[in-house]
Structures are given as C-alpha cells and as structure tokens.
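In the two complexes that follow, subunit A is the common piece, with subunit B as its partner first and subunit C second.
And then the complex of A and B:
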C-alpha cells in the first residue's frame, strides 16, 4: 500500500490550477478509497479460499441461529423469542439477553437482497457480514482521520486499518460475531462526534446519537465510548477549550444517546443505573455549569464577573459537594460499587486475578506481552509515537481527542489482550497521521531540491536558486490546503483561538521554504519508510492467511503425504440431526452447546452463554462422576445422548480430556464431593497407568477411551503422548451409538433404566430402539387401532 | 500442671483401657486445653497463637482424637522473610487478618477453631512431624486428624494468590464454620481522611481560580505529550503483564548461576527488563521520526541536519530489525510473503 500513499502525497503538488487539482485529488482519493474497501474485503476471504464458506468457532453459531430465526419469523417474534432448545429445562429469553445489532444488520441485508431478487442464503450473508463491515470501518477511519489531519492522513489510516491483523482476527469471513460490526460503529461514532465538534451542527449531533445507538445495539464495548467522550469534554474544559461547539457535540449525545440506549432490552435501565454511565452525567452537569459561567462572563464586566465568580464558586462548591456525596453514597451502597467485574479489572488490573478467577482464566482476558503487540499491530507500534507528537503540533479539539483515544485504549489493551481490538483503530489513525506527515516532509524536501542545482545541498542555495514560480506556488498551495483543513474547525470558534492558530501559520509561511531536509538522507528515509510499509503488508497478509483464518469447525493438517481434512464435528452434528428424535436432549461440555443447537438442532443442557454456573457445575459433576452416578444425573435431566470430543487419535489438543480439570473445578465449586486432588497424582494430571482410580473410573475417561485400544492395540494417546491407563473396560449405563471418522466426536446413548417387571421392560426397550421409534411413538401416544 | 495430662495419657494408652475409663479424664483436660488455647489467643494481638514443639505436643499430638477443636496453622520461617518471591510476610499478615476477623465475628467465644503459626528455627521437629519441606505452607489440622502429616488438609499453593478470602473459604469448606466478613484495616485512617478532605476543600477555590484563568500546568501541551508517550511506552512494553503476573526483572540461569537471563523464549511470558527494552525500541523509532519531521526541519545548519538524520536512520533501522529478530526468536513464527509461484 505504499504506492498510493506516495502518490497521494505527491498529487497535490503536480498541478498549478487549484480547482482542477482539487477535483483530480477528489476523484483519485475516491478510487483509492474504493480500492481500500476492496482490499479490506478481500484480505478477509482467506478463510473461504483455504477452507470453505462456513461460520467459524462457537459464538458465531449462536448468532447465526438467531439470524436464521429472525429471517424466518420476523422481528416481533425475535424480540419475544424464548428459546427452549438450550439450558434445558430452564430455557433462555433470547430477545432480552442479546445485543441485537449484528443480527438485525445481517437480517436486514438478507431481507434487502431477497427483496431485490438476489436469493442468497442466510448463512452466506452471515459469513460475509464481517468483511463488508470492515470495508465500512476503513471508510469510517478515512472520514475520522480526515476530520483530524486532512485527506492524506485519512487515506493512509484507512489503508492501514483495512489490513491491521488485530482487526482481521475478529472479522475474517465466517467470524460472525458482535465485534465485526461494532468496530465500524465505534469508529463511525467517533467520526460523527469529531465532525460535530468541528462544525457545531445539530444535524451531525443527532446522527452521532443514532450511531451511538447502533453501537449500543451491537456490543457491550459501548461503555468505552460513553466514558471516552466525557473524558474528552472534561479535558477540553480543563484546558480552557470550552466552546459552544463542544456543548452541541456533547449535550445531545448524552440526552438522546442515553434515551436510545435504554431502548435496547439488554441494556435497559443499566443506561442510567450503573456506574459505567455516571461519568457522562457528571460531565453533563459540569458542562452546563461551565457554559453558564461563560455566559455570565459574556454579560458582565470583568470586575462584576470577579465578584460573581467568588459568589458562585462558594455556593457551587457546596452544591457540588452535596451532589458528589449523594452519588458516592449511592454507588457505595451497591455491593460491587455499581461496577461490573470486567470494568473494575480495567481500572484496577490486579482485581480480576485476585477476586474473579473465572474472568482471569479466560485466555483473551490475559494481559498481553510485547510480542502480542508486534503480532497484532506490527510496525504500527513504531509509528504511533510519531503520530501522537504530530497530533500535538498543533493541538486542536479533534487531535486532542485522538490523543486521548490512543492513550486510554493502549492502556486498556495492556490490561486485557482482547481490547487490542479497540486499540488497533487508534493505532491506525495515529500511524496514518505519522506516515502521511513524514511522507509530506520528505517528498517536499526532495522536490525542492531536485529541479535546482542537484549537486548543491545547501539549503540556502536551494532557497534562492529554486525559488521559481512553481516552487513558490507550491509552498503557498500546500499552505492553503492545510489552512482550509485547519480553518474548518476554528470557523466558529472564538477569536482568541483563531489568532493563536494564525500566528504560527503566518510564521510558517516564511519558514516553509527553509523546511527542506538534506536530499540524500530524505531519499533513504523515504525508502526505509516504504520498506516498513511493505513489511507491514507482508506481515498482514501472512497473519490473515496463516494465523487468523482457521474456522476451528473444519480442521486441516499438512503432512508429507498431503493435506488432511478433519470434518468430524459436522459429521457428528449431522448424525445427531438425522438419527435422533427432535426433542432429544444432548449433554456435552458447554463449549459445544451453541454448535449443537445450531447445527444439530437438538436441545442442550448448557451452552457458551455461561449464565448459570450451577447448571454447568451439574454437567461437570456428571462428567467427573463414575458411570452410575453420572447416569443418574443425566437421567434426571432427561438427557438421551452424551457427546464428548476426543483428540487422542489424531492429536487434536483442545479436546474434553484436556478441558477436564475445568469440569472438575467448576463441578467441585458447587458439589463439594468432587475434589480436584482425587483426579491428580501428586499434583499432576495424567491418564496413564499412574492415574488415580477416580480418574480412571470417571465418565469422561470412560467415554473418551472406550474401545480406544482397538485402534492400534496399545491405546497410545497422541495428545498426552502416553499410553492410557485402563484399556479394556465395558460400559454399563451407556452405549456407544456413533463415533466419527477420526474419533474426534463420540456420541453415547443412555441405556434405558432397568425395570424389574417383565412386561414393561419389553415396552421401554421397544420405545427407545432407534429404528422404529417414530412409529412406536405415535402408537403409544394415540393407541393404534391395528395393534 | 500443663504437662500432667501427657503421662496419664501415655499410661492409659499403653494399658489399652477402653474409652469408658478414658472419657472422664479427657472431658476435663479437653476443656482445660481449650481454656489454655483461649488464653494464648487473647495474649496475642491478632489472635494467632504462636506454637512451638512443646505446645504442638500438648495441643495436637497428645490429646486423643477427636479433639474438640481444629487448628489452622501457618508455617513461617523468619530467615526466608526477605525472599520476595515467597511472599511470606504478606501471607502472614493476611493470615492474621483472617484470624482476627474470625475471632471478632464470633465474639471471642468460638472454641472450635484456632489460628496458629510455627516458626521454623524454633520448632524444626514439628516441621518434620508435619512433613513440611517447602514454604509457603498452610495446613488445617481437623479434630479427627491422627497423623499430622497425612490426615491434615494442606491448602493448595495456587489458592494463595487470593489471600485472606481464599484462606477463609478454605477454612469454611473444611470445617463447616463460617468465618464471616474479613475486616481489613482501612487504607487511610479516619483522621487522615478528614485531613485530606479538609485540604481538598481548602485548595478547591484556588484550583478553580487557576483553572478559570488558564494558568495550570494542565494547559501546557508538553505535559500532555510526555504523559501520552509515557502511557504508550508503559503499555506497549507489557508492564501491565509484569505487574499482574508479578514478573521479576530478570531470572538467574539455572545452569550457570552467575549469568542472568533477560529474555525469555516463549510468547506467553516475558520478563520485566525484556519488556522495557522492547518497549523502548518501539517508542524510540517513532520519537526519532517525529524529531526529524517536526523539529529538525526548523534547524538551519545543513550539516547538523544531515548528521542527525543519518544517525536517526541508523538507530531506527537497528531498532526495527532488532524487534523483528527478537520476535522471530521469541515466538518462533516464520513470516513469509505469498509470491507468485512462477517466481520460485
């Protein structure tokens, strides 16, 4: 992408005619933007090319299922949807517990396409939603950066964002998750805020609230916006940058935005009741006080104003103290001080590791190390400081927002690796600014010196000899273009500010011609920067192709005899779909809950929405109990089938045996008769002959390794790299009904309860025999006259 | 008097007298033991009883099981207090906190559970008795524990991270007693709080005046600039990781103790010095670029310009190359381009 960057920086100096040049620049940047969009879309297609067009991983399957429901039943049904296919027997109210933004977006796209007679399936739309929205996100980045530092920086930032690996990791084709649309919404909300701040127009302020509403619909990360913008407003006030534009940018957002946010069922009254939102209200009050002070200041004479200030300050302080006291009392009265655990762990990073092991245990909540930054934003990490400094020269309302954005998000990303996603756009914006400014400086110094006496490197000589009309024109032109971009923000600002900005600019005019750097080192620097950009491109393509495109539902491995494809998951879910009764309940560890409901369309006990710890603990207890006890637990839950994931044959490391200790821990947390040390030999987790008897007799071990010895005669587990401890055993309460091709998924059926009365044994047997179950079922239900 | 029960016990045990005879003397001495423990408890400030070899024999080894109390023991060693990675003083403080909270929550009248600590130098034989050979170590001796080594419950090492809360949970799960809320001493005492509030109130008008007149250091963009850069450096270097995980700045080489390890191979972990070094490399390139594009252009001397630029180029090139090499070494990733197949 280095090529268009250089061309955009050079384009403005090619033509002498101002309007023609602007028109040409406009058309060119339009096409560059188009190409950036195409690139953002196509770099995310590696997952489709290397694998196939499928939904990825776990959570996207839930979103996909919800979208299917929406497409089939319409919005009102969706809003009231009570899902009885999961968390059996509790069920889950879907409409009130999901962020509906993503689903509604994809549903709308699908509806639109279908009404245009483009018959795409819901799945296709879902797969490609994320790439489409990343193209939108890069355009939004262009708009935002253009508002801050002009078109060149905007284009560079958009190009960088289109392929930043951190964002790619969450938005490859098929990764149909909230973040896919939320990042676009985040950037777009920021753009509209800056736009309002620069223009002071109520129109943009309203749009801003609507964009904020969309963000609230899409992702829980909206709290970042509603804290960052108040912080910026406060910063502006404290540094004496209050203006009526600031008021227009902020006040409608708080009022309208909060009202709109409360419309989203999953947020509801949280929008006014939780501490995450209090900062915005506090700043809202402060803003009004300050606006009032400025108003009074305008009316009164300076002397009167001083008197008034002392009066107001003393009264206002008393009122403020009272309000703050009430707020503190309110906050302190709630047990978690009104903050959710995750937000608290952001403010106090050591909080989670001390008090919430469940949050601390999730891998994406870990604090990142330095290689994660290099992996996720790559060379941008080098450019960001230059961008921050560029934002300070000169400091405007909008550039101070960018600085605040990057400072807060980089801190948050340091606490939680997941928030790297919020940091990535900021990094793209700042390094876009840095890159375009340095390109500007270097190309200018090259251009000033090329047409003159090429051998002479004296700056003074350059100044005098190459002071041709063209060069002078240039200086004025670049100056003008900068001024127009600068002018807009300060158009309606106070006179004082205008003077401030104009002073250095008139100075700069004179100095502009002096601002050239030595030719040779400029050329080297430019080449190195282009090299850096090229490295970034190579890295991003590599990351997109190799690191972030695996769908984890289809696995591949490359060995010397070619490519192996493991499609066992879909095989198993397909089997469940076609060979079990519609209302049968399937038990598995919660990781596979969403996939089972979406792909097999069977009822599950627990799923990835881990809202009920006791229920998960019940399943964990069953998996860690001996067969009979487990059978009783499952039977009490109405479970017909048990599904386990087993990687020992092919060496798939994230299987249930490796997750088993978590089942024991979570189970033991609620049912104390499950004790973790019983499963460990001297603190070591092992499944070979040294394993404890409790381990060798628990259900998970038996279901995973049943008949495993028949595969190679030894029972060698390729994940644990050891022979298993107990090789020959029979199942008493479960029977194997299906094992996939590579043994990755194994499905067992609960044996029917033993009955002592002879006649009834027969009946129950025939009832559950799978082949004739349907016919018999109707027979027993209605009384078959032919029998 | 304190020693008198022991010989009677041994005598009776050796005779294998049945519990009928035993019950009468135990009932007496049990209550005596509890009274002794309560007395010891009230002597100590935090309620943690200091045990040694003699008292352990008296309270734990000699009384017949079931004893009427459990003892929650913290194994301490004064000579290891300066080893920061063991966190002994910190854990000892937390332990005392649990003890005092337990005692106040039960109005000094609970006789089911006592908190005790043992010091290594004083009572080495007791350490052997418990089979303790590494610290930190916390152990609960229940009423039914016959052998101190095998029947008592050891608290899991991994639970120490959550400090007093996890200790309380451990006790609650094993003894069926409730510990109740833990009374931490407030970070600031009440007088300190009052002083701070008063200071804030007094200074508020002055601060407000300064803000209105626009003269504070907050109005100096350079402060904000260096603040932002510092936050960036701090986060990018993974300092948060080091704080949360309590990573040391460097490790000692196991094979050669005179050498220090500054860089850790493997992407999940990093050492303190390593993080700061790379964070510095990350930051310095951007700073140099900014210096060249924003400050150097205003310099008039052409030679100085060229010298600074060339050194900036060299340093930046070196820094970027260093980070790329380090990253490849640390993570083991091999980044490669996707060139047309005809080029090969």
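And then the complex of A and C:
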C-alpha cells in the first residue's frame, strides 16, 4: 500500500515534530498543573480574608487541641494520652479513639517548618493544612484521570476538582477536619490502584497499600475504599476481564492492607471482625478460585478440564455449602449482623431514626435536597452522564472502575449529605472526561477544515486509522503495550496516541464521520463550552466566598448601619477561661464540648464525639427536667457551671431551644420518664403562652429566657417569632453569672447547698433520715436540702 | 458404566495434571514449593490457635497474615517471571524479584510492628 510508504518517508520529520510537540505539551501541562494547585489553594482563603485566620466549626477545635498536645509533648505522649478533661467522669482514651492521620500530618509539617527555622504557630499550620492538601488532591485527580483517559481529561478533571464547591465546603482555610486530608488520600489510593491495574507492577501495589494505610489513618470513610475495590474486582471477573494484572493489583492490597489497617488503634481488630471488611476477604477467596481455575484450564486439555470441573463441582459443592452455612450462622448471631451503626444507617437509611437518635440528629447525616446537588456540583450534574457514556467507548478496566465509583458514590451521597464529598471527585473525573472528549471532537473538526494544516493531519489520520485497524479487543491497555513495542518516543506521545485512537471508537468510518462537523458550528459549540466553564467558575467562586467561608464561631450580619460582628462564643469561652477555676466542670449540650475544652480549657461532661449515649441522655434529661431534678443530676456529676446558647435576642437560629426536642428524644430514649408529647401542645413545639407546663418549667426554658423580658419589655423571641410564655420568674437552684453582649451564650452557676436548714424542712429531714439512714448515710451529704 | 468411566476419567485427569505440571520450568517449581511451604506454615498456626486459644490475637493475626502475604507475593512473582505470560514479556526478571523483595520488606516490617 502506498500509505505506509508515505508514512515511513515522513517519519523522521514527523518524529521530530512529534517530540517537539510532546515536549511543548509536557511543559505546558506542568505549568497548568502548577496554576491549578495555586488556584485550589487561593480559592479557599476567603474566610481568612473576610474574617481572620481562625479555626472553624466544632470538630476542628478538637483536632486543633490534639495537635497542640502533640506539638508540645511529642508522639509517645500523644499515642498514650488519656484525656480526663472531657466526658467527666469517664474520660476518653485519645490514642485509641482518634484517627491520627490529620494530626500527625499537621504535626509533621509544623515540626519540619520549625526545624527549618520558619516559626509558624500550630494554629497557622492547622488553618492552612486543608488548602495545601486540596492542591495535592487536584494533582492526584490529574494523575488518576490521566491513567483512565489521557492528559487532556486529566487536566480538565484537576481544574474541576480544584474548584468544586462540595469539596471547598469541607476544606476551607480553617476547616481543620479529617476530610481535608482524607480526600487527597482517597484519590491517591485510587490512582495507585488503577496504575497497578494498568501496569501490573508489584512496586505500585506496595505503594497502593501504603496509600491505603494513610487513608485508614485519616478517616472512617476508608471502608468505602475497601468495599469499592473488591466490588470492582468482582465486576472485572464477572465481565470476563480477569487477568494476572488484576491479581497483582488486588491480592497484595488485601493482605498488606488488612495488616496495616489493624495497626491503627482506632480500627484494631475491627479490620478482620466487622462486616465492613468481609467483602474484601470474600472477593479475595473468589479471586484465588478463579485464578486457580484459569491456571488449570491453561495446563490441561479441554476434555480433561471437563472431567476436572465435574469432579470439583460434585465434591466441592457439599464442602462449600457447609462452610457458607457456618459463616452465615456466625454473622447472623450478632444483632447488627456485624455492621457498625453508621454503616448500617448508610445501607438502610431509616435505621438510625428508629434505633440511634444521636446519629439521626446530626445535621450532616440527613439526606440532601435536590437544590444542594446543584449548589455543590453545579454544572457537573449534567456532564456526569456524558462522562459515563464516554467511559464506555471503549470500556477498559480503569474506565469500568470510574463508572462503578460514580454509581456507588451517587447512591451514598443520596443517603447522607456529608457523603456528597466522596461524590465530588467522581463527578469531577467523569465530567473532565466528557469535557475533554467534546473539546477533542470540536477542535479536531476545526483543525481538519482549516487549510494548510490538513496535509500533515492526513498522515496523522492514516497512522491512527492503521492503529485502529489493529484494535480488536476491549482492553485498551494491551493495545498500548503493543504500540510501545513499535515506537517509544516518550510517555506523553503514548498518551496522545491513545487519546487520538480512542475517540472514534475503533471504527475508521465513524472517525471520518465525526471529523466532518461543519466549521462554524464547531466554533460556536466550542465557545459555548467555554461559556459553560465560565459559569461554573463564577458559581464556584461565589459559593466559596459567600456560602462556605463562614467560620461559624464568629457571625456577621449586614444592616443599614454597617457590619455587625457577633463574637459571643469566644467572649463566653474567654470569660470561662479567666473567671473560673481550672478544675471546674462545665455542662452544656454536646455541640459545644470541643470548643469549650479547646478555648476555655475547662472539663466538660459531653462533647461532639458522642460515643456514650447514656451520658448524653443524662445531660439531655437534666435539661428537660424541672430545676430541682436538674440540680440533682448536675450535682451528682460535680458540675459547677451550665452553659446554654440562646439566639432569641438577635435571631440566631441554631440555638439550644431549637435543638431542645433532640435533647428530649435522646434523654427519653434512656430515661423513660421524659416523654416527648409532654413538651408539645397538639403535636406542635411552642414556647409561647400556649406551651405545656412541662415545657415552661424545664431547665432549658428557664435558663434561656431568664430576665429575657428585661430586654424589650415584652419578651419577643426573634427566632420563634412569638412572645415567650412565662416572662417573670426567678431561679431557685441556679444563678446567672455571665451573659454575652448579644445574649447568645448564657452561663449559670449551680447554687451550693445551704449550710443550715431551719424550720419545717428540719422535721421532714429528720423523718426521712431516720427512716432511711441505714441505706443513705453516705448519701445524705449530697441530698438536696430543699425538699 | 458411568462409575467405572468416571473413575478412569479421574485417574486420567490426575495423570494429565501430573504430566502437565512436570513440564513447568525449574524456577517456577521452586516458587511453587515456597508458596506451598508458606501456606503450610499458616495452616499449622491456625491449628495451633484452635487448640490453644487466640489470646494475643494480634500475634496470631500477624503470623497468619505474614504467611499468607508472602505466599501471595510469591504467586505475583511467579506470574511476572513466567515466560509464557505475554503481558510481562518486557519486564526483566531481576526487576520482578526486586519488587518482590521490597514488598516482602514492607510486609515484614508491618508484621513485626504488629506482633506485639
């Protein structure tokens, strides 16, 4: 044929042209990646600019306190730390219940910088850890998508991930939480898995296990990885894509990964005993069976193989059934079938609301609404289906992984709003693929129709069409390895060749048809795509600046006379820090526990870890009981101060009165004398004059609205938009010690029991004491003298 | 008739398996021997655990997983070194062995840390 001769004649010039183009492309993509990293870092800095460099929310304060401890005392003390300033009187084993990845990472960065004589404080390092790791995460997305579809798709996906609002919401500067590091670890682990699958190298399998270890250290969501990868292996086996690379990618990961996961104290033996990990072991066994079958098939003749199959089936079936029956009995004997509460609530969304009210009460665990999808991933919402279709043409191991990843993460993001975060990278990868493919189509049509460039393009077209003629089977990677034996200029050209030949989906006719789009319509569509990207960028910047940058410990509001800043939380914690003894115990609802221990440095009764439901229910019961009973409960816990958050004066909607029904529910779950209908009038929750007497007498009502009528004379609650029911009352067992400037935080002190008891109470006390002195002699000192 | 022929078939099956396996090269057979030894060690540990109880569970776990792990890695090495495997024909066997050593190093480091 004449065509190969012209191609061989043109090869020298084409070779240098190609290398020059590839070198230029390599340098360009390096600079683009650098810019993407800078963009990912800077878009998260809005909160630092608008407010200050402060840690946000609740959970990050705990991580910050742990990092401070690590920085001050070193790693051995941290590993063995028993914290007695929280969950009084139980304490908490920090070393065994915290995921150490985030704190160790930030601690290492702080130590490294300080040893280089760059004196950054721990707080600065903590605040800026999340933006740095989001830059790393976008680079990891580039690597992952490059393995799936090529450099162009990789760069697009990286740019999309750097800005996607769902990821920004959990990784702004100041949001020092596990997800800041965990999402980077997740994407990097997936990248190394796909790389091992594509290359079959044991070196990358080792790196994959180490990256998985880092993920286990960082976040409880690592169970997603250890269930998704076995699912993908099973999918590959079932669709007939079993290969030795699959074995090398999966089997070392299971063994090394389980061992590494068991090393982390939080996981410990759960790595082999909970149902969340059983899928990996099951697929491990199935993989070995399939590999053995393939091996036997390879060394036997077909007739002998049939005999072997009948033998194995008849003998092995009985053994298999016995083993499976034993396994099922073991698993079914535990009440939750071996799953943890959080995982069960993911599989059965109604589980938490029926059995574990604490999990159901966290706002992050609610299902998302439809608008939140558009808020969080915007334009990607309709690029994702296009990307899924692009993954199918042609279907390779890595693109089937991407499809599986996005299908499962869409389901889980629909169950819990917090898991939108796991869905965001999948959405960015698929949309990156879709955008890059469509850019390819349009720019190729433009190129083919511009005069002067068409001659060299013809040679390219011949090369690609001859290459596509060879492509028969579905695995693109074997294609690539065959090609590399032909010509190996550089890695980038390999990717470019692959990119070129994948698009026309292995048919030369289809290629010619696709390339024949008219020039003006491709230019218009190209401009429209760029406009789409511009809309996405504008939305992301707006979301980052307005919606997701609030530190929630400082609030601002604009009115006609300027900007008001509500710094009440820090005011209250500062007051506690300076005006109480170091060993005083503070009781509040569990939301504020972390902030109280970190900023006020006082011992708290319950905090955001919520590991002990009964303890939280005790506090909830105390808040829902009348003053006497509440005083008793708090006195038995050695509490000195009670803290409530009240938003009625300024209209702050997440105050304790709005959370009060959860306190009732959780308390009522453990102490049956607290019944939720007692606090509702006709099924409605009210605090005005129509409220039930139980509601008007409970501690939470009294502590929130004590002296509230003095502010405006009528006691109008701006959040509930009514006047309060009981306006004039005195507190008998508590005294108010501090109320912040906007009445947002109110601190009360427990009144000590009276020294002398006179009059009527003395007689009743002597009666009760003589009747029950034998049993209660030790307890009379703590009895409430006001009865 | 069915029984007799199936017995013959089973016998023929085992003979053909034997002859096919005898045809594999020596280095692959050595690797297979190593895999068999590792699995056998793991089985001994499991039997011991069943008899004596699993009290230091981390020791048991690390012992069994190190045996299973090194067996799996040896199988991966065998896959990469096997000359009949077309996917790995441009991978030099020295590189495969170096990867095997590295992975074993990481595995045993982790295992010794967990042994307790």
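Everything that follows uses one rule, which is that the second predicted complex is superposed on the first by the 642 of 787 C-alpha atoms of A that agree within 3 Å, B and C clash if a C-alpha of one lies under 4 Å from a C-alpha of the other, contacts with A are read in each partner's own complex, and residues count from 1 in each chain.
As a working rule, contacts are C-beta pairs under 8 Å (C-beta built on N, C-alpha and C of every residue); 3 or more make two chains touch, one makes a residue touch a chain.
None of the values given here were measured: they were computed from a predicted structure.
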Partner chain in contact with A:200 - subunit B first, subunit C second, else both or neither: second
More subunit A residues in contact [subunit B versus subunit C]: B
First (subunit B), second (subunit C), both or neither touched by A:282: neither
Partner chain in contact with A:35 - subunit B first, subunit C second, else both or neither: neither
First (subunit B), second (subunit C), both or neither touched by A:210: second
Which of subunit B and subunit C A:113 touches, first, second, both or neither: neither
Contacts of A:629 with subunit B and subunit C, given as first, second, both or neither: neither
For the subunit B and subunit A complex, residues of the former touching the latter: 161-163, 165, 173, 201, 204-205, 208-209, 211-212, 214, 216, 218-219, 221, 224-225, 227-229, 231-232, 234-241, 243-245, 267-270, 274-275, 278-279, 282-283, 285-287, 289-290, 292-294, 296-298, 300, 302, 305-306, 309-310, 312-313, 316-317, 319-320, 323-324, 327, 330-331, 333, 335-338
Of subunit A, residues touching subunit C in the complex: 200-203, 205-206, 209-210, 243-245, 247-248, 251-252, 255-256, 258-260, 262-263, 269, 272, 296, 299-301, 304, 307-308, 310-311, 478, 481, 485
Touching residues on subunit A, where the partner in the complex is subunit B: 238-240, 293, 309, 313-314, 317, 321, 349-350, 353-355, 357, 366-375, 379, 381-390, 392-393, 395, 400, 403, 406-407, 410-411, 413-415, 434, 437-438, 441-442, 445, 457-459, 511, 514-518, 520-522, 524-525, 528, 532, 535, 538-539, 541-542, 545, 547, 672
Subunit C - residues contacting subunit A, complex: 6, 9-10, 12-13, 16-17, 20-21, 57-58, 61-62, 65-66, 68-69, 72-73, 75-77, 79-80, 85, 87-88, 90-91, 96, 99-100, 102-103, 106-107, 110-111, 113-114
